[in-house]
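The two complexes that follow have subunit A in common; it is paired with subunit B in the first and with subunit C in the second.
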Partner chain A sequence: MTHSGNSFKRSREVSFGKLHSFHGGLQLPGHREITANTPIGNAGIPPLLTIPLQQHIGDPAKCLVKAGDNVYKGQELTKAPGPFSVPVHASSSGTVIAVEERLVPHPSGVKENCVVIETDGHDSGPDEQQNALDYLQLEPARLCELIQQAGIVGMGGAGFPTRIKLCNRKQNIELLLINAAECEPYISCDNRLLQERAAEVVEGIRIMRHGVQPDACIIAIEDNMHAAEQALRTALESASESGITITRIPEIYPSGGERQLIKILTGREVPSEGFPADIGIVCQNVGTAAAVYNAIARQQPLISRIVTVTGEGIARPQNLECRLGTPVSHLVAAAGGYTKDVERLLIGGPMMGYAVQSDNIPVIKTTNCVLAVTREEMPAPLEALPCIRCGKCTDVCPADLLPQQLYWYARSNNYDAAQDYNLFDCIECGCCAYVCPSHIPLVQYYRHAKTEIWTQESQKQAADIARRRHESRLARLERIKQERAERMAKKKRVLAGDDGSKDAKQSAIQAALDRVKHKKQQASNTPKNIDNLTAAQQKKIDEADTRRRQKQSGNNN
Partner chain B sequence: MLTALITFGLLAAVIGLILGYTAIRFRVESDPIVDQIDKLLPQTQCGQCTYPGCRPYAEAIAADEADINQCPPGGESTILALADLLGKDPKPLNPEHGAHSEKTVVVIDEQVCIGCTLCIQACPVDAILGAAKQMHTVISSECTGCDLCIPPCPVECIHIVPIKTTARNWIWPKPDTGAKKTVAGQA
Partner chain C sequence: MEFKTYSSPHLPVTGTVSVMMLRVLLALIPGSLCAFWIFGWGALFNILIAAVTALLAEAIVLKLRGRPALAGLLDGSALVTAVLLALALPPLTPWWIPVIGSLFAIVIAKQLYGGLGYNPFNPAMAGYVVLLISFPLELTLWSAPGAHMGFTDTLSLVITGNLPAGQSLDSITMATPMDSIKTRLGLNETLSEIHNGSLFGSFAGAGWEWINLWFLLGGLWLMQMKVIQWQIPAGMLGGLAVIALVFYVANPDTFTTPLFQLFSGAAMLGAFFIATDPVSASTTPRGRIYYGIGIGLLTYIIRTWGGYPDGIAFAVLLMNLAAPTIDYYTRPRVFGQGGGSTP
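Presenting the complex of A and B:
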């Protein structure tokens, strides 16, 4: 391993503020002023909550409720089938009216299984504060289990189960990196969270630090988030916490990407197809820290999150705290509704988000932004022109890839070559497409290639399984055929009597017959009641015997 | 002259021995061509190629008895892969064997099924579960979509259904064509 002796020193050095830079990146207009300076609103309890059973990467979870069940706030709705899954919880009390396929926030617009809850408005659930846990008393393994049970996934966007990042690691973690670099334009939910609830975030970080046991802990914050940074410093001071340092990083998109942030702070690169834990780093979002605080200190599972509802298509852009499962339409209404010239609705930011056709979709664990834009704000993409090989995409790629080559290979369905050029290291940040003078929708090519490769991969696996099943079927049929042939042959031999078995049978019959004969003889030759006979009786018997003998000899003649 | 002959003769013998030994000792186990061809086939086991399964077809291709364009489930991509492997010219799918379509699966209408077990005997990958006079069902994750179970069914209770598009198997549409391509072929 590359880091052993001096690695600790390196992370110490990091905490003193020496910064590195990643390749590429862009300076983008922020569009955050309004939402970052408006207090977090509350979207309230919507009449209907639609909670998709699958909200994260991982195996599908098993549903525990059915239509007609009453549920309380925080009740587990699914059972996680393994460590790579987390459960989902009812985000308010009410009645389950259906477990059925509904529209979910996904670029495909497909329907997925959801639990639909009609809320009763009481919002009743177990008392929050009653049995607060002292996390320092908990074993790190137990802590991780509680985090999984609370359904916590990375709140930054990818939704990777937090437990896996915190616990399933093979080596010592040097650095716990808290990501407060909210780099994508328009989004300010982490910013507002820090301004208003810095103490909770700090407490959440301390809990995660207890689980990870890192050598150092750093909060990385963009240098334009002054109010949030101040709130964090105050919270750290009032918690008299000196083991967590705050590092300002320059505002460059996408500095909040996990790999980019690690590069900025440590100069190290996460290996291709590897995880930060491979180089001794765990990176967590501030929203995740707040969720961990809720799960451990308040014993409340992940049932709500802060969503930035913004764009010129929204009447009162602001951050809203809402329950998971709240329809986007409800959120938009809580933010004053749409303006009249709204054009498009996006889930996520303008760079990495995706357009959706309907606002009748729920907020899920990874929904950080609802963006309604007007035509002037985000014009429809212009028609793509041929690539002129200007190389601008390569200059801005934060993953240090060759976007142009990837484009050619993805376009010509040469997926093997695209993988050789590390297609899967692309974080789909959109920088290349942003600068492309030919307006080529580069990211869409990469997304297409990635999903196509995944599909081919799974088809290949299915084919392998089919081959094995077919081969074992043929083997079984062959075996059955042989067994039958053997049985038939044996029967035939027995009937033909050419293998000595006939003799054996005959001798067995003979032996049985002999046994019976012998027994019969014994019975007839030994008459009963012939003890202590009188002379007269003896005489009579002798006479009878004589008669019988004479009769027998007469018969024989 | 004689010395030179002996020297080179010995040298040749020694080198020949070394080469002979290394050829045996460091032999590279190559993947037999039949296995390589079999790996490229979709393993539907449908028999549309006229051979009783994918492996017999692979053997026939290897023996140059069959052409590379007889596999409708594999379609163009399989033909291209086979052409690439065997160094042959790709050619369009032979329509005699059928047309390429996206993968489907079958389902048994359990209300209608009489439990005759004929479909179980026809299934090449043991994807149908059931017993005599008991209801049968298809394990859809194992079904290859070969449709071999459909002709034997006496009550026509087996139906072909497209594979459902979910968030997991959905494919981002490719920009330039604009055509949506999905696993199930639902555009």
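Presenting the complex of A and C:
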């Protein structure tokens, strides 16, 4: 058996040897040097933890605690009703003081249900310590269940339940792709994680590989993350792991986007309305791998994550490990507080992150970066000029869209045309707005248009229900009217006698009467009161039927 | 603490329309200087008169429309329009020709349609075509390459129409090479006979070849600076060269060489600076190629069989008409929507 590091290749991997490229993209200034070279700090235990009940994409989970309950570290606060949901856990011990709506990280500054825990500082876990599991002894299905119970979602930003990606699929998976491409400027939490805990990440990848059972497993890393790459290689070597290879990819934003990364590594495109699993690929972030390691090897649910706290608005930019639910204000204080010129606070990176009004919001599972910037660093946007159709946006769009057309249609509220131009394939990466010489906030227009279309569609569904109700009412009224007309006709016929007048009106009435008669005849032909018959009765009926049929066939002849 | 909120992306943008237009103007300098060298002061007067008129007109119309006039002037688009129009005009044309052309370009072709970004036709070419159709005589007043008059003589001719003593219009003007060739081919001369005159320079029309060369260099710089993309110039020059080659090979006595076509008239100015006007051109990557090819083919057809000496302006306007349709049928295949290299 060969154990020569990465030179060993499995036969199926050959097809993933060559790098491909996606259309467009940008080379952006990195701004990562400081945080990528500073060790991960610890934000400690804040006095209050605000834990939103829903931190994932999918079905909401059911709350299990109420105000006054004592909780231990790692205790389940919610229960997932099905596979498309994950629970959240108490990230330290203390007392639940409220389950109520609080500000959560969201572009619109909305409030959502949160469990608010006053921490006791003991950080005590469950009474009975659980032993580490040997994942190789676990059935893949059981492994996936454990991953779900640990509350793990995609840590790269999307928050998709990891169990669904790992297990809920029909076909064989060719490639497990580990995303270490941190393409957005400023963010370095994955980079730092790899530098300091590569062994844990590698172990997490091996656990996921056991769950997925792919033909090949590749870690994709940007070609400027030398220290992280070296740490990974060392970890792979000391684990004698030859089934996982490392591939360097060029630093082009948004190469860390799942679909873009898959295109680079395999040349395949994930179908517009499909998932990577549809083309035999599962893509996971390195942060998720570390969380999986914690969940299986340490029996610890997802209660903390690494957040890059950076920008010129932060006194000591660095990566901080913090409990989920930690207020952003606490996190910033742990990084030395704000500088005096801070103006804007972003959750996420500078391209796809969103600006928030207040720092009184918690860190959640998908918070990879807290970016506080000054006016000099990111000046207020310039006033937008008319689009001159220069097409720079088209040239950089990684989804191959025509942003200038989408803008035109979104601006004129022509949503049908916007959809026709594939508005919903827009990933809101911001490349188009970044290069626009007219400084048009393009992404804002697309988001607005998408929201409008969703609203219209839900309104349309409501209208459809109302319309169906209206139509059935009309039909009922029509039926009643007809029945009344029939009754009238019958009465008239009785009054007038069946004299067979020859004028047209009369014959029309006659025709109508005939129709009615025919209908009634048909109705009367259907047998009645034939339930619960005795054998003798049934026999009589059968005889009668036979006679009638004979008579009819005789008449027909 | 309250923070300011804006929509993503948050990284500061890199380019502005003003910088793009400024680069276009910079790239026009070598060719313009060459035109000045070949045709004398009249070339510069045209640029000056057109520019002043265009800026005034732009400012007044923006004011009337209740738009910020200064911001409109600073985007530089009016200046670019004026310079492009002026470069298409003959150097000894009277002052009111660039004035009328600029006015039409800015007021009618650009601002009445909604200003920058909304004009369906290239304003400079619309202005030029109006002049060409309305004042054909004034648009033939090209001076003989290299034989130019002094500053004051040119100024007085342009402003007052008075010629220096002892000169006639016929003695100081000269038909352009393409115009002469068309006339003399019409008189059943062959190209080899025409070649013996002073019409031809080193590889194309005398004088014009150098102007075209400098515009080519300016255009390549624009491409390098990513102000324009390669598709439209490549499509147009390629289309022009291919159709010229076909006819040249078929009958070299009546059809000029592809090289002559590429370096005569406004070919290079058209390919890199006029056809690439983003507002009125096709904007899809594939569409730009077809749009360029269309201009190249139409230019050749109008040059060769049409009633006008050069065909760029008409070709550009005709393809402006076709641009929305081209865009509609050349939409790129969206990521993940079939046709990919999925095995």
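Here are a few things to note about the model shown:
FYI, the second predicted complex is superposed on the first by the 438 of 557 C-alpha atoms of A that agree within 3 Å, B and C clash if a C-alpha of one lies under 4 Å from a C-alpha of the other, contacts with A are read in each partner's own complex, and residues count from 1 in each chain.
What we mean here is this: contacts are C-beta pairs under 8 Å (C-beta built on N, C-alpha and C of every residue); 3 or more make two chains touch, one makes a residue touch a chain.
From a predicted model like this one, the values you see are computed outputs, not experimental measurements.
When the shared chain is aligned, no partner comes close enough to touch A:489: not subunit B, not subunit C.
In the overlay built on the shared chain, the residue A:544 is in contact with neither subunit B nor subunit C. Of the two partner chains, neither subunit B nor subunit C is touched by A:513. When the shared chain is aligned, subunit B and subunit C each come close enough to touch A:441.
Legend: residue contacts after superposition of the two complexes on their common chain; A:358 is shown touching subunit C, with no touch to subunit B.
Touch criterion not met for A:533: it reaches neither subunit B nor subunit C. Which of subunit B and subunit C touches more residues of subunit A is settled by the count: it is C. The contact surfaces that subunit B and subunit C form on subunit A in the two complexes overlap at residues 441, 444, 447. Within the complex, the subunit A residues that touch subunit B are 54, 104, 106-108, 110, 112, 384, 411, 440-441, 444-445, 447-448, 450-452, 455, 458-459, 462-467, 469-474.
The part of subunit A that touches subunit C in the complex is made up of residues 15, 20, 22-23, 28-29, 185, 259, 263, 267-272, 274, 279, 329, 338, 342-346, 350-359, 371, 373, 378-383, 385-392, 394-395, 398-402, 404-405, 421-422, 425, 428, 430, 433-439, 441, 443-444, 447.
The touching residues of subunit B, counted against subunit A in their complex, run 38, 41-45, 53-55, 103, 124-127, 142, 144, 165-167, 169-176, 181, 183.
Those residues of subunit C whose C-beta lies close enough to touch subunit A in the complex are 1-17, 19-20, 71, 75, 77, 115-118, 226, 229, 278-279, 281, 283-285, 288, 327, 331-337, 340-343.
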